[in-house]
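Following are the structures in question.
Two complexes follow with chain A in common, the first pairing it with chain B and the second with chain C.
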Partner chain A sequence: MGSLENLVTQIQGLSGSIEDIAHLHNILRLADESLHSESSALSAVLDQVDPAKHSLGYLYILEAFTSGPVSKEQALTLVPILARFINCCDAQQIRLAHDKFVSVCKRFKDHVLLIESPLRGVSPMRTAVRKLQTTSEHLTTIHPDFLLLCLLSKSYKIGLSVLEDDIFDVDQPRDLFLYCYYGGMICIGQKRFRKALELLHNVVTAPMNVINAIAVEAYKKYILVSLIHYGQFSTSLPKYASSAAQRNLKNFCQPYIELATTYSSGKIAELEAYVLTNREKFDNDKNLGLVKQVVSSMYKHNIQRLTQTYLTLSLQDIANTVQLGSPKEAEMHVLQMIQDGEIFATINQKDGMVRFLEDPEQYKTCQMIEHIDSSIQRIMTLSRKLNAMDEQMSFDPLYLTKVGRERQRFDFDDFDTVPQKFPI
Partner chain B sequence: MASSSSGLTFKLHPLVILNISDHYTRVKSQLHPPPSAHGATNGVDPSPSPPADPPRVYGCVIGVQRGRTVEVFNSFELLYDPATHSLDRAFLDKKQELYKKVFPNFYVLGWYSTGSDAEESDMHIHKALMDINESPVYVLLNPSINHAQKDLPVTIYESELHVIDGIPQLIFVHASYTIETVEAERISVDHVAHLKPSDGGTAATQCEIPCENSLLRQVSSLLRRLPAIESGKFQDDFLMEYNDTLLITYLAMLTNCSSTMNELIDKFNTAYDRHSRRGGRTPFV
Partner chain C sequence: MDFGELKEALASQAYAQIADICDHLMLQVAAEGVAFQEEWPYTIHLLGHIYADDINSARFLWKSIPSSVKESQPEVVAAWKIGQHLWTRDYAAVHEAIHGFDWSQEVKGLVASFAEQYTKRMFRLLSSAYSTISLQDAALFLGMSEDDAANYVLQQGWDVDPPSRMLTVKQQQVVMDQKLDPSKLQRLTEYVFQLEH
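Coming up: the complex of A and B.
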């Protein structure tokens, strides 16, 4: 079609400098409708446009091309095209058409899932994430999709590398929920329970006006991971959790809370019985694996509690206290824990005694200095950001109006510099 | 000038030195005001004040004499009448009375002046003062800055009767002195010494020398703080202590962050949460 060829020539001509690209962007926006209506002719056009140099134009055409339902065979042909585009596109240009890029990536993910090989999508998605981010602290809408692909293809390590970044900017709240939820699951898969707890905690305490399903699922996992990692769980949420969460989450997760209370009693038999009775519920939530880990973690926590009471203990006694079958099992558990670095002990095999030791870390080494120094640097950046946010909050009109209205009440425990009216 | 043989010990307070230098600086800057920006008359660069003979200032020193120790505490300024080569006597008496009221113990011990060396005309003034104090002291401050000189450019002269060419004459002789300070004096002098701007050559000389010394002292104290031992045990302890300090800093920063975070959350909850936690009856938004 004439107009299409025109467009192609324009794309090829105007992809040089920044002003040209802005001009091209306007043209493309206007031509978007016509592109969508002619989706059949677009495949030929795609070959004429180079994805690396003319990324913006290619993006628009590609987006129009891939709109609409797609069958499995079509998906097979589309996936390599999309992957190639993502890998070689120009980051500057695509950031101009943010939404289009996001929708293209989402469709890519759908196609990859359709052909049931999520592994093919992991690497291109990672490149896409890095290209769309303005800084490494920015959470884009395609982050959760990337993590989903990682989860489905079990490539946890790549997911972890993206999770290491601290996030300060978020595009949309839903992204944060999904990102932290998937991230938590990846960390559980890698047995990094502390980081999983952090991420799930974020989901549960994120600001929300009404409770959402992601938070409920996250809360269930949160309870389980908290039991595995800390050996205890408290049902009170911190005060920065939204009031919607605080009131309603517990109602949806009743079986898990009871699991936690049974856990705190310290008796393995009871715990196992409880798990058996509620097996179906856990299975429906796909949390059965986690629950089994909870049960096995009980032994670990009991042994850890022993280190605080005894200096030396025989393997037989350990087995009895922790309700393990035999001293051999006890030895296995203790050995495993020493290897994981969870306790410090020595086993004397001759008389079957275990001697519990102190943490040998003397904080004397240069590595420790570097470690602490880097932590201090991190916390300084954090502190600066917090102060900036605090200031911003103080100017927020919503906050100021509410504070103004509350001034009638004279609270003794929040005596601040704002003058208050004394009730006579 | 021979050195004194009277056996008196002289103690000079830094306040006197400061007063003299202050007096001199004031007079000199009043006499030669700094050239203003639009002072050039015919486009020629305004030359700096013509280096005329530096003016001599005069004044009186007062203090206490106990036995063989003469302690010079304070000083005040006097007008010199070049016509009669003498100091304004009436003024001196009035000032002396005033000072007597505040410091009843202080007597006029002598007089001071500025210059590089004692001159013959000074003897007149000296003799004139001899009716107040039978053996006055003459404190001479040399205002020219000599960076090579490490000591204070202050000399104290006494008068002695020497027989020269068969004629008994009064001549000036050097007297050794020590600087004596009270703690309060030291602090204020130190303060003033650091505050005084050095504009060309009018800075009192004692500013420069203590400044340099204090810098050197700081450098040497810093060097002394560096670890001097290199043994293994020292490394261990040193690193442990260093780590402790770092940990404390870290803890302090954590506390700081937590408190900011707490405030931020309170504000956030007040602004955005529908049901405020503190029981305030705010209407729904």
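Coming up: the complex of A and C.
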């Protein structure tokens, strides 16, 4: 008991300057085991320590206090304590004990799920993510937990705001898998299909020695979103995808690959029949809603294909080609596509005709110039980052030893002292 | 629950911000563990999303509303009806949903503003999507009687052909800024520099 009081006094005394905190950190590390063994006495101690000023000390005590299994009632009391800590803790201090903070946040997420109110955890987790990150380009281990809470509480907008940040630094490669998978699902929920494809693509092509379940599920959704957004899907993965993925992913996603093949035939009836026969499989994967979106996207892509062949077409012909019930239905489809900017056309109700037009964008307006400008700036920043990474890698000892081993004994230049050709 | 910011936004007619204010407040209140569902202004929250044309968020919000609220607050249901028709793109039914309910004092301004905005949006859509359209359809899309619709489009420069009751659309000329200024020169210099290194 005495040691605990001592510890509290030290925490209160040594939380002032940076040197003091480093000293305190050492003391806390040594005291960690004893903290864990005295977990029952800790709730009283917590009250004596201020989570805002003595964040590091509070963190150590809190982590010891919350370790071990909890019941639903216990979770109910713990959730507000954890939330309060996350909201008022000092970011500098908690970053020193990175792993402890991550454990505490993960437990917070587990408790919030246990009491079945994920909405309660969204705002504190967002705060936790921002405090743990060193820059906005840093992916922490708790990013996926935050996104999971967003998904379960249907707070898609706030999840999307975190997804907008580009990631360059990753703590643990495996965090990337879950982050991109959940991120893809959030984008799908907000109908941001292009961004969803980007994220799911990252999961599927990430380095992996063995196939993992996340990559398989991501691939299934990747196929479906690809069909919705582009109207086509290619089974060949890019060269930089791992060989494990290239060999094995397809085998786990057979029904989806066949769906893509049926889709490419362009026949709605066939597609709907295929979906009906395999309905249970899609339902078990919880992808049935997405599959239905794939089916309705076929009308859209079929109409888009017509614009490549015809200048004008009657509504009746559109309805027949695309297998819609009536010219009125065709008119509504075309109108919706015009509203979404997926097609440029004008409908002539008097004659029952649709005239397909060219994209009127001339890329001359100030707005468009700003848009192109900002894209160029982004790419320039990216290019600079890549150059920096390339430089760093070129003097990495591991890389140099590997390259050194594979270099030939004698270069061609070692033999040749006279140039073979003289430029005129 | 402090609804000060929300009330201010409503009073100053800053309707575009309502969705964000409500979202933010809801997360804060939930984090404090307060059981807010019975007193939450779901109608205003839903209408805020609808005003900002974010039907996805409106849908998710509707899904999260407890059934007890759905049963006891008809105004919430009426607000969702608007969102539902926007989701299924039943353009005419949106107008019906707007006018088919006796809105409370709090939300009257918001609904009226949305109705005006929606009619304008529909008109722009019709202008860009149709070269000719029947008066009947136009009236449905704009949520007006056929005579009102005819007057409205005549004012915007369209042609009405009374015997066939067909309207000829006049394309709206949208003027976009095309002036360049000297700062662009600076940026172009930067790009060339970057490309050469």
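Quick note on the criterion: the second predicted complex is superposed on the first by the 390 of 424 C-alpha atoms of A that agree within 3 Å, B and C clash if a C-alpha of one lies under 4 Å from a C-alpha of the other, contacts with A are read in each partner's own complex, and residues count from 1 in each chain.
Methods note: a contact is a pair of C-beta atoms (placed from the backbone, for glycine too) under 8 Å apart; a residue touches a chain by one contact, two chains touch by 3 or more.
Model, not experiment: these values are computed from the prediction.
Trainee: Thinking of the overlay built on chain A, is A:Ser243 touched by chain B (first), by chain C (second), by both, or by neither?
Mentor: In the superposition, A:Ser243 touches chain B alone.
Trainee: Examine A:Met389 and indicate which partner it touches, taking first as chain B and second as chain C; both and neither are also allowed.
Mentor: First partner only, chain B.
Trainee: After the superposition on A, what does A:Ile372 contact: first (chain B), second (chain C), both or neither?
Mentor: first
Trainee: Between chain B and chain C, whom does A:Lys154 touch in the aligned arrangement: first, second, both, or neither?
Mentor: The answer is second: A:Lys154 touches chain C but not chain B.
Trainee: Which of the two partners, first being chain B and second being chain C, lies in contact with A:Met380: first, second, both, or neither?
Mentor: both
Trainee: Considering only touches as defined above, state whether A:Val403 meets chain B (first), chain C (second), both or neither.
Mentor: Only chain B is touched by A:Val403; chain C is not.
Trainee: With the two complexes superposed on chain A, say which partner A:Asn348 touches: chain B (first), chain C (second), both, or neither.
Mentor: Touch partner of A:Asn348: chain C, not chain B.
Trainee: Would you sort A:Lys364 into first (chain B), second (chain C), both or neither based on which partner it touches?
Mentor: Both partners, chain B and chain C.
Trainee: Output check: A:Ala22 vs chain B and chain C. Expected answer is one of first, second, both, neither. What do you get?
Mentor: neither
Trainee: If you lay the two complexes on top of each other, which residues of chain A touch chain B in one and chain C in the other?
Mentor: 364-366, 369, 373, 376, 380, 383
Trainee: Which of the residues in chain B come into contact with chain A in the complex?
Mentor: The touching residues are 236, 239-240, 242-244, 246-247, 249-250, 253-254, 256-257, 260-261, 263-265, 267-278, 280, 282-283, 285.
Trainee: Which residues of chain A touch chain B in their complex?
Mentor: 207, 209, 239-240, 242-243, 362-366, 368-369, 372-373, 375-376, 379-380, 382-383, 386-387, 389-390, 393-394, 396, 398-399, 402-403, 405-406, 409, 411, 414
Trainee: Help me check something: in the complex, which residues belonging to chain C touch chain A?
Mentor: 23, 26-28, 30-33, 54, 56-57, 60-61, 63-64, 89, 125, 128-134, 137, 164, 166, 169, 176-180, 184, 187, 190-191, 194
Trainee: Which of the residues in chain A end up touching chain C in this complex?
Mentor: Going through chain A, the ones touching chain C are 79-80, 83, 87, 117, 119-124, 153-158, 189-191, 332, 334-336, 338-339, 345-351, 355, 364-367, 369, 373, 376, 380, 383.
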